[in-house]
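What follows is a pair of complexes built around subunit A, which joins subunit B in one and subunit C in the other.
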Partner chain A sequence: MIIFFVLPLLLTVVWSVFERTMFWMEPAFTLFSYENFFFSSRLENFLSSMFHSSISVVCAFFIGFPIAIFIRRRVRKVAQHRVMLLFILPFMVSEIIRIFALRPILSRNGVVNSFLMDMNLIESPFSIFVFTPTGVIIGEIVSFLPFMIFSTFLALEAIPNYIFEVCADLGVNRRRMFKDMFLPLAAPGLFAGSVFIFVNGIGIALIPTILGGPGSVNAGLIATQAIIALDFPLAMAVSAIMMFTLMGLLYLGHRLFNLTKLLEPIS
Partner chain B sequence: MSLRDDFQPKWKLLLKWGWLSFAVFILMAPTFYTVYISFNELGFGAKYYNFTFQWYENVFSDKQLIGALGWTMLLAIITLPIVIPFGLLSAKLYKQSTHKVWIVFILLSPLFVPADILASALLVFFKNLNKFFTLIGEYTGIYSLDTWFDLGIMTAVIGLIVYTLPYVFVVIMITMARYRNEQTEAARDLGASAWRAFWEIEFPQIRAGVFSACAFVVILTFNEYTRTSLLKGGFDTFTSVLISQMLNTGMSEESYAMASIVSLVAVVIVSAILIITAIKTEELEKKTRTIKEPNK
Partner chain C sequence: MKKNNAIELKNLIKTYGDVYALNDVDLNISDGEYFVLLGPSGGGKTTLLRSIGGFIRPDSGSIVIKGKNVNNLPPDKRPTSMVFQGFALFPHMDVVQNIGYGLKLQSIEKNIIDEKVNKMMDLVGLTGLHNRKPHELSGGQQQRVQLARALILENDVLLLDEPLSALDAQLRKDMCIELKRLQKTVGISFVHVTHNQEEAMSVADRIAIIADGKMIEEGTPQEIYNKPKKQFTAEFLGEKNILIGKVHNLNKSKIILDINNDKIEIANNNYNVSKNQGVSVSIKSESIQIKKNVKPKTNEKNSIFGKVTEITFLGQFVRYLVLLSNDQEIQVRSSEEVANVKLNDQVILNWKLDDFILHNE
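Take a look at the complex of A and B:
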């Protein structure tokens, strides 16, 4: 893993300052690729993909966190893992198939619009579900929601049952339980889930390619397009920026919440 | 699965179960819809639904696709015996190590690195390795390493190992969590070698996890596209054929059928694992209850 994962990612920093040649790159020290990224529309696209990913994180929190709390609190201990495993199923189906299949579901003449029109809820079909930023956000939520639920559940699983009982005995209301118990104790899981969704949202090229339409570009797509255009230093600069973003977020999370706590229930 | 005894009104509990089921349904809806369309003779968007196996017959008579299926299977077969022992060793190392943070960081980080970014980095890494070995060849006269990292099966397998190892690690860790290390210590005290203690005492108890990890690796290999397509070189895999069809000609009825085959196989295998695990856990609990409370 050090040779084929850590090393290539670290070396992206070195390759990103190399000079571009016709078909490859040669050793040099130039910041041209970074200039090319930061002083062009690529930065705007990158920031806009960050904004969309942030919205996906917030949506995944509101959908996934109640589910994780529900499974931890209301499902029998023996059945909790089985219910969690239900969320593994979507992960086992290719992401590409799931995202591609969203097109006919969300398109103008797709299932959602047909259903809404059959129910007389709308007169004409919505066209904001695909080939728009909304489409990208929907794609990210459908693709990454299970991870928010897993990581949050893992964090909640470490809470001993007696804490819930003490809260119930003391008559703590739901709002306070959520604010003072669930939220702080689930913080490592919430953070890990959020980083996963955020980083993959700005790094996976497939979702904007399939659901985002022509103007939708993220870091993954910039890197892929740079490789197709044989601009390897630019691709490496984008990879290095992504790597630093990820490392920075994980380091911050670990300092704040100790992310290894997440593995305690299974170790 | 019974609802837990609670002071909440039943309708609220049902509402929460409904929300959970709705989330699972939404996550699986694209897959279900793909399968649904794949059996329609008239395809997507048709007013009527005529059930047919025609699109599946077309898929299985497609030689390019069958070839791609063979390549994908080959990748899975090569990846499996490498990644599973790695996963086992990593899980054991994690349990014994005092530097857990670093192990977790290295093993689970690939989950967080987007596919396109990792694939780009690996692609450039392999190209540079080739140039490095060519340079060594020029100095030493040994040219046999020159083509080691040419894009092909080996590079695709390396990409798959990096991708699947975190999943294998987590699945094996979950099963290992139930194992009590005192059993290994007892076996070692009785004179068993480390390998024998592992093979005869520990492995039978974590076997389910290891087999599940194998299934996950095969499924993930069949579903993986981004890393494999950048690192595979000249041959086609199942998903690369599917994606090129989808991107070049749109979702044809054959595309729906191909996607359904991959999805259904994955769902059936994972469901079978879940059901078997559930049954075995239930049996184990019954046994434990009988031992603890023999008169009940």
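Take a look at the complex of A and C:
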């Protein structure tokens, strides 16, 4: 834990205040990298990537959670885990290829646009599907949706069956069922899935590299570009900022929703 | 005055593959009656209860509750509430929320709900535990919450599926007394499923014995315990002394049975049997007197000879195992040790004519 988690984090913070040299860095204390970050378009990019990530989380929730509920409630018990395995299949293909494959699907003359045109639903092809923040969000949803499904399904699986029988006896309708039962009982899973998607949404450089365009640069890509430019302290600073932002968000979430209570085991 | 029937079941059949979970069950349960479905596990009593509640659709037959056929109604549209096996509470809600949830669904004003919840909590003995979560409650308290959650809806029938099976023995006894008291207070019909005969005897106004999907017999606890009509009932209630033989001779007042060439005489309580018919009889082990056989070969008709094979001291009584000449074993319970009866002694067993009960299958 200390060697593989705490130490790298500490080094990230320490290196971020080092001074940049031509090809490496040397010990110093300077906030130049932070200045560089906060007084350039990087801050704006960082904030908008947080915003885009949030949209991905919300979309994954509205698509993934109902799928998990469907599997828990409508699929036979013996088949449930097999259905979950289907969502693992995409991971057998390298992530680069998976995301790259979205290009011909989403591009101006791609599958989606051709379909919409053929159906006479649109007159000219949409160009916002790729090389835009929308493209990045679609990419993130496609990549990370299984994690939302996994984590919420595991939480839903832990709900004892008697809950559904009691609800049948009391006459709980679908809307109530969702609001009063599924949402609170699957909260730990929803939380885990959301954090995972949010963090990867701002941290993984691959998706904006392939599907993004101007205005869709995330923290991961900023750091990657800094490393390519051999500006290691800047890369470290970006990582440190990302880390502290997440900690701050978790703390805020804790103050608002009391995570301890949200995540306490149901027994 | 005959009470109206709260529940009428006719020709209820439910099969799972080739297995009959319910095999042509007829049953009437009166208004305000504490009715217990008693039987071995897997005998169909839970299936029967769940059919009444609407959780299982029977293949055929009719279910009428309060004069209304409910065959095609879902659980929430039936005038029944269910107390489930185990501690089936909403884990994320506190006691008040659990109990009031059913009313909240009916869009009832919050202050009315609160008032009803408080009343109900006092009734079932949960006073002061308002904001506890289920995991902060004892097993007995959790079952009380379930009871309150079901009773607050003021339905005509309360269904209880093994409500006490997860509690320890002492708590179960206490809860039996409370369930009975609660039923008398609210005055609605309770239908209670259990495999525990003590529990059944202590709460029931009437009991039905259910096994292999069939209704074996029904009656008051006294009838079922003292005069079981069927051999199965006697066996299920723990009767060890069951003798199988045939009718040797009979008249209006007495029946003489041939038990492997030993002749015994029992009182004829209007049994519907004929000569040479195969029957089984049972006798409570505490109804038999045991004596040392000092004069062998005296053959009274209400006695039988045997040899003592085991003497066990069990606290409140002493148990003797006696082997009869036909290799059948009889248990005798005596409130105190019988002087001079020792292991391997030849003994003579006596009883009153009335004590033997005949079962005709």
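Following the convention adopted for this analysis, the second predicted complex is superposed on the first by the 237 of 267 C-alpha atoms of A that agree within 3 Å, B and C clash if a C-alpha of one lies under 4 Å from a C-alpha of the other, contacts with A are read in each partner's own complex, and residues count from 1 in each chain.
Everything below uses one rule, namely that contacts are C-beta pairs under 8 Å (C-beta built on N, C-alpha and C of every residue); 3 or more make two chains touch, one makes a residue touch a chain.
The model shown is predicted, which means the values in this text are computed figures rather than measured ones.
**Student:** Are subunit B and subunit C a fit on subunit A, or do they clash, once the structures share the same frame?
**Tutor:** Subunit B and subunit C fit side by side in the superposed model.
**Student:** Could you give the angle made at the Cα centre of subunit A by the lines to the Cα centres of subunit B and subunit C, to the nearest 10°?
**Tutor:** After superposition on chain A, the angle is 80 degrees.
**Student:** By the touch definition at the top of the document, which applies to A:L256: first (subunit B), second (subunit C), both, or neither?
**Tutor:** Neither partner.
**Student:** Would you sort A:I128 into first (subunit B), second (subunit C), both or neither based on which partner it touches?
**Tutor:** Neither partner.
**Student:** May I ask you to decide whether A:F196 touches subunit B, subunit C, both, or neither, giving the answer as first, second, both or neither?
**Tutor:** Only subunit B is touched by A:F196; subunit C is not.
**Student:** Pick one for A:P184: touches subunit B only (first), subunit C only (second), both, or neither.
**Tutor:** Only subunit C is touched by A:P184; subunit B is not.
**Student:** Using the superposition described at the top, determine whether subunit B or subunit C touches more residues of subunit A.
**Tutor:** B
**Student:** So, does A:D169 touch the first partner subunit B, the second partner subunit C, both, or neither?
**Tutor:** second
**Student:** Would you sort A:F87 into first (subunit B), second (subunit C), both or neither based on which partner it touches?
**Tutor:** After superposing on A, A:F87 lies in contact with subunit B but is clear of subunit C.
**Student:** Just to be sure I read the superposition right, which of the two partners does A:V58 touch: subunit B = first, subunit C = second, or both, or neither?
**Tutor:** So A:V58 meets neither subunit B nor subunit C here.
**Student:** What does the superposition give for the shortest Cα distance from subunit B to subunit C, in Å?
**Tutor:** 8
**Student:** Could you list which residues of subunit A make contact with subunit B in one structure and with subunit C in the other?
**Tutor:** Looking at subunit A, the two contact sets intersect at 266-267.
**Student:** Considering only the defined contacts, which subunit A positions touch subunit C in the complex?
**Tutor:** Those in contact with subunit C are residues 160, 162-163, 165-166, 168-173, 176, 180-181, 184-185, 266-267.
**Student:** Which part of subunit C faces subunit A closely enough to touch in the complex?
**Tutor:** 53-55, 74-77, 81-82, 84-86, 88, 90-92, 101-102, 105, 134-135, 149-150, 153
**Student:** Under the definition above, what is the set of subunit B residues touching subunit A in their complex?
**Tutor:** Within the complex, subunit B touches subunit A at residues 1-4, 6, 8, 13, 16, 19-20, 23-24, 26-31, 33-34, 37, 44-45, 94-95, 100-101, 104-107, 109-118, 120-125, 127-128, 158, 161-162, 165, 170, 173-174, 177, 216, 219-220, 222-226, 230, 239, 242-243, 246, 251, 259, 262-263, 266-267, 269-271, 274, 278, 281-282, 285.
**Student:** Give every residue of subunit A touching subunit B within the complex, in rising order.
**Tutor:** The contact residues of subunit A facing subunit B are 1-2, 4-9, 11-12, 15, 24, 63-64, 66-67, 70-71, 73-76, 78-79, 82-83, 85-90, 92-105, 109, 111, 142, 145-146, 149, 195-196, 199-200, 202-206, 219-221, 223-224, 227, 232, 235-236, 238-239, 242-243, 246, 250, 254, 259-260, 263, 265-267.
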